[in-house]
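The first chain written gets the first letter, and so on, giving A, B, C, D, E and F; residue counts start at 1 in each chain.
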Amino acid sequence: MAKTVTFGELMLKLSPEGYGRFFQSDRMQASFGGSEANVATGLVRLGTECSYVTKLPPHALGQAAADSLRAFGVDTSFILRGGGRIGIYFIEKGTSLRSPLCIYDRKDSSFALSDPDEYDWDRILDGANWLHFSGITPALGKNAVRICAAALEKAKGIGAKISFDLNHRAKLWSAEEAGKTLVRLLPYVDLFIANENQAREIFEDGTGGFVPGKAPDMDRCAADAERYARRFGFAAVALTARTSLSASDNDFGALLYDGNDAYLSRTYSVHVTDRVGSGDAFDAGLIHSLQCGKASGECVEFAAAAAALEHTVEGDYFRLDGSEISALAGGDSSGAVKR
Amino acid sequence: MAKTVTFGELMLKLSPEGYGRFFQSDRMQASFGGSEANVATGLVRLGTECSYVTKLPPHALGQAAADSLRAFGVDTSFILRGGGRIGIYFIEKGTSLRSPLCIYDRKDSSFALSDPDEYDWDRILDGANWLHFSGITPALGKNAVRICAAALEKAKGIGAKISFDLNHRAKLWSAEEAGKTLVRLLPYVDLFIANENQAREIFEDGTGGFVPGKAPDMDRCAADAERYARRFGFAAVALTARTSLSASDNDFGALLYDGNDAYLSRTYSVHVTDRVGSGDAFDAGLIHSLQCGKASGECVEFAAAAAALEHTVEGDYFRLDGSEISALAGGDSSGAVKR
Amino acid sequence: MAKTVTFGELMLKLSPEGYGRFFQSDRMQASFGGSEANVATGLVRLGTECSYVTKLPPHALGQAAADSLRAFGVDTSFILRGGGRIGIYFIEKGTSLRSPLCIYDRKDSSFALSDPDEYDWDRILDGANWLHFSGITPALGKNAVRICAAALEKAKGIGAKISFDLNHRAKLWSAEEAGKTLVRLLPYVDLFIANENQAREIFEDGTGGFVPGKAPDMDRCAADAERYARRFGFAAVALTARTSLSASDNDFGALLYDGNDAYLSRTYSVHVTDRVGSGDAFDAGLIHSLQCGKASGECVEFAAAAAALEHTVEGDYFRLDGSEISALAGGDSSGAVKR
Amino acid sequence: MAKTVTFGELMLKLSPEGYGRFFQSDRMQASFGGSEANVATGLVRLGTECSYVTKLPPHALGQAAADSLRAFGVDTSFILRGGGRIGIYFIEKGTSLRSPLCIYDRKDSSFALSDPDEYDWDRILDGANWLHFSGITPALGKNAVRICAAALEKAKGIGAKISFDLNHRAKLWSAEEAGKTLVRLLPYVDLFIANENQAREIFEDGTGGFVPGKAPDMDRCAADAERYARRFGFAAVALTARTSLSASDNDFGALLYDGNDAYLSRTYSVHVTDRVGSGDAFDAGLIHSLQCGKASGECVEFAAAAAALEHTVEGDYFRLDGSEISALAGGDSSGAVKR
Amino acid sequence: MAKTVTFGELMLKLSPEGYGRFFQSDRMQASFGGSEANVATGLVRLGTECSYVTKLPPHALGQAAADSLRAFGVDTSFILRGGGRIGIYFIEKGTSLRSPLCIYDRKDSSFALSDPDEYDWDRILDGANWLHFSGITPALGKNAVRICAAALEKAKGIGAKISFDLNHRAKLWSAEEAGKTLVRLLPYVDLFIANENQAREIFEDGTGGFVPGKAPDMDRCAADAERYARRFGFAAVALTARTSLSASDNDFGALLYDGNDAYLSRTYSVHVTDRVGSGDAFDAGLIHSLQCGKASGECVEFAAAAAALEHTVEGDYFRLDGSEISALAGGDSSGAVKR
Amino acid sequence: MAKTVTFGELMLKLSPEGYGRFFQSDRMQASFGGSEANVATGLVRLGTECSYVTKLPPHALGQAAADSLRAFGVDTSFILRGGGRIGIYFIEKGTSLRSPLCIYDRKDSSFALSDPDEYDWDRILDGANWLHFSGITPALGKNAVRICAAALEKAKGIGAKISFDLNHRAKLWSAEEAGKTLVRLLPYVDLFIANENQAREIFEDGTGGFVPGKAPDMDRCAADAERYARRFGFAAVALTARTSLSASDNDFGALLYDGNDAYLSRTYSVHVTDRVGSGDAFDAGLIHSLQCGKASGECVEFAAAAAALEHTVEGDYFRLDGSEISALAGGDSSGAVKR
């Protein structure tokens, strides 16, 4: 059976309750999240076995972080324990005209400072047919870049597919720095996933087929994807497009170029509960359905529906059932109650 | 003064806080609800005395359930105590593209297993001029059907009006089963109330005058109502129409055929806080205003406004004032603050 | 550096959690608010020093009220302590078709009963260049009117600018009573601020250039403002316009007439979290930017953006950063997350 | 069947959550309470019908107050609606060495300002065999004293028993004022109930048979009770004794003198959750068991057990079952779980 | 490495927040618990691998129940999914003189109705060296007894040790019924664990060496244990003794007879946060330390310390670290903070 | 008027609600605390003006931290803003046999990394007559030691009194390291405050006059204090003694040696709500009463009462009134309610 491995940094996420501003009340929602861990929760929820690799501090918070993934059924047996701290991000949800506010306190986390040699990729990847990571990881510093490199090389060697979500984080590094580093990692990548705006910025190339308020221009989107594929040797490219009408209202759609043809998903208009984690839900939906051998058009439709639906879910982890996603992908967005 | 009697099952309702998914947090909102009990809360809030009849377990939860109605001023003196359990329903509210999720755990409740002979309808209906029930009750099993039959017969005998809300619950029985059973009860009914879709499904008859996104087709709606009235001998028929644009956005309107003419209410566009209980609010608004002797057009307008407004209220019970409903029915939907 | 003084009543505000109705749950949100205190929080948040003057009871609640302002950096050293009670207002937030519900319990508060001679305006206004108050204060009774008069006279004497927000509260006094009293205070006012509807009602004059659902009629708005300025000798007039589409959806815009020309802000469509305090945010934004010497057009744009954004904030106090407001005033209403 | 009538002021009670200090968090627990209303909840919970009489404002909070009693089954049909406000008391629970903090904001409540003529005691007392009130009511002002006098006279006239709990509130009036007023009301009283310290203070008479840390001196307690009975013509006297070891640990016991003999209850050592309402639970337990015709010794044992147990209950209302009280009165204080 | 298997019923546990009574607030704490599942959480937390076997409904609540164990690292791969409902127990925590209140709603749960043939004990027990269950399971009905029998037989066959906690539940069956059924299962048991009172009741034999308020009488305790061992062929017997001074204060101690000698633990005086789950913590502590090959005296000391400490933990699951237990077992009960 | 300056690190404190373990629920209590900041809140609450000096990050959390002190009336105008992060400490409260759990995540905080030259002690100490700091600050690293040295030198120069609380934190440095560093700072100190155990450990000298469960041995305590004073040239020495009977029950007392005589306070037995901050309350009580010129015996009695009472308060900050402390210091520990 298919087994996927993801790795990256798992963080403690602290948010004011509801739509409160920081410290308006004396209580915070506390959960865990990290792009690749979120993808891992999605994969296991959808039925694809997944191991998640990171390093967490040996104390009770590190344990709680690992437990949060274990609750989903993610295999946490390769998580290293040690170092001094878990990265933290404080996030104040936005609403309407007010933007979300994100404060990173993730420097010098156990993962970011971990030694690449601590990870035994032979054991970790044993039996894996897929490896997934995102652009956040190499942004965490030199050690992290070396961890990526080691994992990719090993995965390539055993013939596992490699997917990568660009996930550019401007608070971690500049587009230029990102570009320079990624150029060394991208040749390993089979499936490249990116927000179309970020791809254009990092690659300094793109014609922007997704235009807010209009139907996507299929031809231009497809051309971009194809060009990216050719430039880096990707077997497939998925581009996502988000129009942020306000912090509460987003449109979301996506395109998948499978090396031969390009397929557009529906565009979903969604009232946002918490948009963090929606891109990761896309990744999970796409990787899962590709591994299931579905047709490209179905894959992108399923992945986009997963992403759209995840906007209604508080927290970063994937809290959706496959049947909910399939229903939405199939066109039922009525939100009716069944009783 | 007018006194109405309603009967049915009162359940414990357990929901995650806010728009969380089940067990995302370790806390649940706990309240009580049941279609006919909800109607009872509405009637007393609007000024019509009402007794509610059910059977509840003798323990503290059964007591709390009865107390919750007593707080509203519903007469609970005919509630039987005994049996083993209170029915439970777990409900996860939906939002935007995500549908609500309803899990019933109501089998073998004290009410569903209660013996029809336990209910002393002579005493219960003494002084009553109106009896109301819904299609949920006969769906609970043979005992429940016999309870309905006994109550209807007695009510008919003393000349009380009988209203019935179809409230089809597909998780309890099929449309076919419902049709077969209801055919024995409907001849007692004076005022028949139903969602127009459900009526069409159960009666296998209807032309669908309510079309999402368009103004209702008055003639077709009225013709449906009239036909139903003729077929079962209803003195009046009220049809409600809901368009679920998403879990968060619904349109709601209604029609009342009073035996002579048909009257359409406005159609309300409402942002949903909790849609459960809105149909019951319609029933309460309609029964109350009919008993007050208002004109048919006013009655349906008031009832539809009550239903629309109840969408903004968390919980199943009717938490509205008559003046709020009248203001909305009168056209003020600005939601402005008075200070 | 600029120092502003505001004075008025500070109240305890009690609200059900979320969008619950009164006593649906056994918990209430407790905070403090009052128009002029809200303005004070806004001014200090934006960088203008501000002293707030009121009288609060000597007990722990009075202390907590003062502390709540002190947390923002408002100078509370002139707050008198004594008397028997803090005014209270109970407010149930509205949503969609349901209006907010406001119950005042503010009679005989320490401030309303305070003796005008208790306030040492010489000391309070020492070094102040601006005095701000609102129409709520004179509505609190004869003592309060005399407090206003003493403050205005002193402020005039030392050459401080005087701003006034009409803030008519129909639950406190009628438009007619308001008109009669205000006519004695308005001649002191340099900057007059009002909701355009309320101005028209109190002044019995106005052509209503703001029409719901249309672009504001610049010429008519400007003419109204100019006429008010001439009639009372205001140096400047700001009119705000709110269209309440529902309790959850409001449009908000404003106009500033600076004695020479009139300037219209954008009109913002905002999904409302809590609209109380948005008018006060407008005042703070306007007074602050005027004191910074910005151009009139910029001032009204900044103030309107502050007001619009404050709709997304729970509670009366000003919980916004200048940079957030500037971004919105500059046209970015996408609500995107920066990370 | 026995029916008791109680009357007095029902207040809104606002407390910080848990053992927090005022405004340490932004949330408050909101409930209702008042000595006689608390007694009413106890009586109906134990099986004695009870009507509660007061006046509440016509707004939503007044309704919620009445509903809170209705939930218990208290007859609220004689509650008047009108006037301007509900009395409020803010209470911060104490713990260990820290005392509770009580702030009254109850002046000019609808009840305190109500006209004695508004109460139709003929109708209210129709069918009643018992009237209960407490010393808090006459402390509320001249109107309230006259309300008491009218009720007592009527009750006496129809032969109902009259019980009175001294409940001295030093924040409302001095011991001297209390003594002067009560002397006019006490001759109507059949059953006099008081904390033994307060009785001694108000009556300026008493030898203090209850000594902290020792077994009560039966002879001296009984002598005090007998003397009080003779002085005012009470048929019976109950004295309660509380030793406050800390805010968290109290000892509680009581004595009943029934005109012939005196009976001491056990002394209970209780860890306090919320001590407010425990004296009222004593009253309810005593009045109920006297009406049931139990022996004097049993009555005081049951009443003391009710009071002791109520210390473990948050809130003022009586949330105990008769069986729990009987078990404790019978000597089982193990707190073991039955499953 | 050691692997233990436990099986039984996992229930949804619903409790009022804090020490509130049922429905005093509208919120409930929701968690999961069941004696054998609790033991499983303890074993994995302490480092012994454990599989838990049960049957849960296929819906979201059943999934959440399984996830709650997965979070701890319990192997849930043998949990069956199907049937209609998860058993529920409502529990109101007691405090001081007030007893906890437990309402079972567990009839006809997926587990209780499951077919013994659904469990593939060959696969489940493959590699297991220990099987643990409790007296709650056979109390659930005939199917459950047959499930026990099948599991025991298989375990015996492969040479796994079998431990059993008597856990008598009087609400499920009488002592007599229990005795009759257990006599067929006990011969399989190697390690018998019981509260000494319950053992005496079920076995109708025992001299009661544990006397509240005194040091345990070693000789009598040991004699009881030895007699039980001889009667049923147990290799070892552990007896626990609890003195419930009040719902808030318990003393807890234990004895282990290892076939040769008997060992007494310290007696712990503990202030109770939530006593449910403390007996299960004893089981986990004992089974784990026995498997680690520790000396009998150390084993019972560790197990008793685990049980004592678990009284301070909200919820049924084992939320303790081995190092905390060891520190307490070693005599440090100061509760000092390390910083 | 007296003005005190304190400096040190202000941290974000995150705790599970109630007595929950980390991540048992998804909510955390969020507040701020730090020994010297806590002392500052105490001083201003008691009436001594106080400036607090630290460095906080420029983002919203840094602002909230400063605001939390501003709410108390602490002068925050000398707080520097910059650097990258606020130190965090996660704390799980203990109860009964379970110890609190403290996880520091405070490395590389804005304060710890701040440059000693950033602090303008001339301006900060202008007008100050007292400087207070604790042993936590020099434990934060070389920069922090240099900040201490600069502040002490300047304070000495202007004749301000200097107080120091030893506050040894074993997680930050060893007793040996502490001793070596402190030896350079102690000669500046006038008033030395320490837990008697810690003093003995760091100074490797002490006879331990405080013995758990016995009355303190006055002569030995006084001799220790006198010897410390002579060794380092302290004008006065205060020693505190805590006996941790369990996490929930502590005894607390203190001794003050004023250079001539030694004075013992009462010993308080306190049921602990949250013990963090109680030592700081002692400091505030002592510094305040010394500045008020009270007699030494009164000073230590007041300070010990403040410390004892602070154990009942959630959070680190000082939330007590002087009158509460005086009442307790005067012997009233009954915790009775005044109403």
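In the analysis below, a residue touches a chain if its C-beta (ideal position, glycine included) is under 8 Å from a C-beta of that chain, and two chains touch if they have at least 3 such contacts.
Only a predicted model underlies this, so the values are computations on that prediction, with no experimental measurement involved.
> Farthest from subunit E by Cα centre, which chain is it? Let me know.
In terms of C-alpha centroids, the chain at the greatest distance from subunit E is C.
> Could you classify the subunit E-subunit F contact as same or different, where same means more than half of all interface residue numbers appear on both copies?
Different residues, largely: of all residue numbers at this interface, under half are found in both copies.
> Could you give the separation in Å between the centres of subunit A and subunit E, each centre being the mean of its C-alpha atoms?
About 42 Å separates the centre of subunit A from that of subunit E.
> Centroid from C-alpha atoms only, then distance subunit A to subunit B, rounded to Å. What do you get?
Between these chains, centre-to-centre, one finds 44 Å.
> Measuring centre to centre with CA averages, how many angstrom lie between subunit B and subunit F?
It comes to 62 Å between the two C-alpha centres.
> What positions in subunit C touch 2 or more of the other chains?
Only 18, 21, 24, 26-27, 67-68 qualify.
> In the complex of these two chains, what residues of subunit C are touching subunit F?
67-68, 70-73, 321
> For subunit E, which residues count as touching subunit F in their complex?
Answer in residue numbers: 18, 268, 270-273, 308-309, 311-315, 319, 324, 327-328, 333-339.
> Taking the complex as given, what residues does subunit C use to touch subunit E?
The touching residues are 24-27.
> Sort out for me which residues of subunit A touch subunit F in the complex.
14, 17, 21-23, 26-31, 59-61, 64, 67-68, 84-85, 88, 90, 92, 101, 103, 105, 107-108
> Applying the document's contact rule, which stretches of subunit E touch subunit D when the two form their complex?
Contacts found on subunit E: 18-21, 24, 89, 94-100, 102, 104, 169-171, 244-248, 275-276.
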